[in-house]
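By written order: A, B, C and D. Residues from 1 in each chain.
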């Protein structure tokens, strides 16, 4: 499973994947917010996410990862937050999710990040079966206003 | 309980509080990392945390909050992440923690953040008793490399 | 804190405590079910619970524990299930809860039970702060029809 | 998927299934305890479990359920505790687990049980994906001495 940086030509597949990801969470984002995320990913300001895609043999994206490097009071360098991870449901079980996490780890190492982390719903059993293999569940739970 | 922005004169109390907070997690940070966090809080670059302190009647800090505003692919504006929250254990039960969270909410509103969140250990019962009153536990759990 | 077996003279305090316990769970039981539980505790058939009370210096009950010994396919003897545990909210922090658990442990040992266990709500922070000191949280969660 | 009561002729398959179940929990039981469970299931005293098996077209057991009806201080009748549930790992995804739970529900209804429940490990994702369909996760966690 090949993973590479997101490129401008990926827009159609990226939009489909990102919308599928949002729908998975039974959430909605306006077209404007989705377009803004895309523009920011393309402009790549220092305070926005790095995006990876897992691609098939035709170099078409079938999975995405959005990774934010942010400051922490606990780190001289960065924390690496994997905010979004999604694989086309029809193309799972072939290692795309794992390859995207591994690409995230490599990027975190290249930037000297002192922590890499993400959050997932307690009942997202399919994802957690993978996460348990490549990471450790912390005892942290999330509160939101 | 009064809350205000962290100021240069707060350094002694801030160092004591931050070290108490780190010790609570049975973690360690080098003096260099703690000093770097302090310097960054004072220099206040756009990508670093906003710091609040709860103060007593002598304007001495007895609690701290470090709040990071970061980009999200889900937001046109910001997400507000309350990374650190700590109150001197000898001066609890007087509303300092709640006042620091409320100051965080006000700052989030002032900046138009579309989400405010934090993480806490599942077994941090004292903190969770407060959090349950001012926020909602999400079903998200945290994974770490 | 003294703990002894429930006796017939305890009925007024027992009713108050058991109703307080049920109300804590925002549940309701009919008077008939409460009376039936009392009768069974007094008649003490082999398949019903053993009841302990924590008592004050006037021998008045201020806390209760109902303990069921039941068969398990995993045990040649018994499992010990602490079904109900409650202390008068106005008389806590004096060791009654702990003393009731310790009485349960002694009874379990006397009967050769190979496991002693109970369930509590994830967000019952007050109780869990005690339970973490005298027992171990298992990774088991409970499903109900 | 057909489910019926455990019968004497099922012993070879039952032993294999029960041992597989115990091994799943990385636990061990002596041969004596396993034999004792079998004997009790066959003798069927009132205080022991009811056993069901899911069977294939040759009437061979490929899954088991051990169900304990016990008294509760909250019930005029019984609580129904599904203590053990296991399906041969090579014969899953065909409805045996669900059929065993449904047989448990029917038995609970026949006996007028006022609650049916069981416990599972938080990270048993495969089982929980089924349980989420046929039951409700309660907020109860389990403590053990």
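Here are some notes:
The working rule: a contact is a pair of C-beta atoms (placed from the backbone, for glycine too) under 8 Å apart; a residue touches a chain by one contact, two chains touch by 3 or more.
Owing to the predicted nature of the structure, the values given are computational and were not obtained by experimental measurement.
Traced through touching neighbours, the fewest hops from chain A to chain C number 2.
Although chain B and chain C share one sequence, what matters here is the overlap of their interface residues, and that overlap exceeds half of the numbers used.
A straight line joining the Cα centres of chain B and chain C is 40 Å long. We define each chain's centre as the mean of its Cα atoms; on that basis chain B and chain D are separated by 47 Å. One inter-chain figure worth recording: chain C and chain D are separated by 26 Å, centre to centre, where each centre is the mean of the chain's CA atoms. Touching two or more other chains at once are residues 123, 137 of chain B. Listed in rising order, the residues of chain C touching chain D in the complex are 18, 22, 27, 29, 32-33, 36-37, 40-41, 46-49, 66, 68, 70-76, 83-84, 105, 108, 115-123, 131, 134-145.
Within the complex formed with chain D, the chain A residues making contact are 123, 125-126, 128-129, 132, 137.
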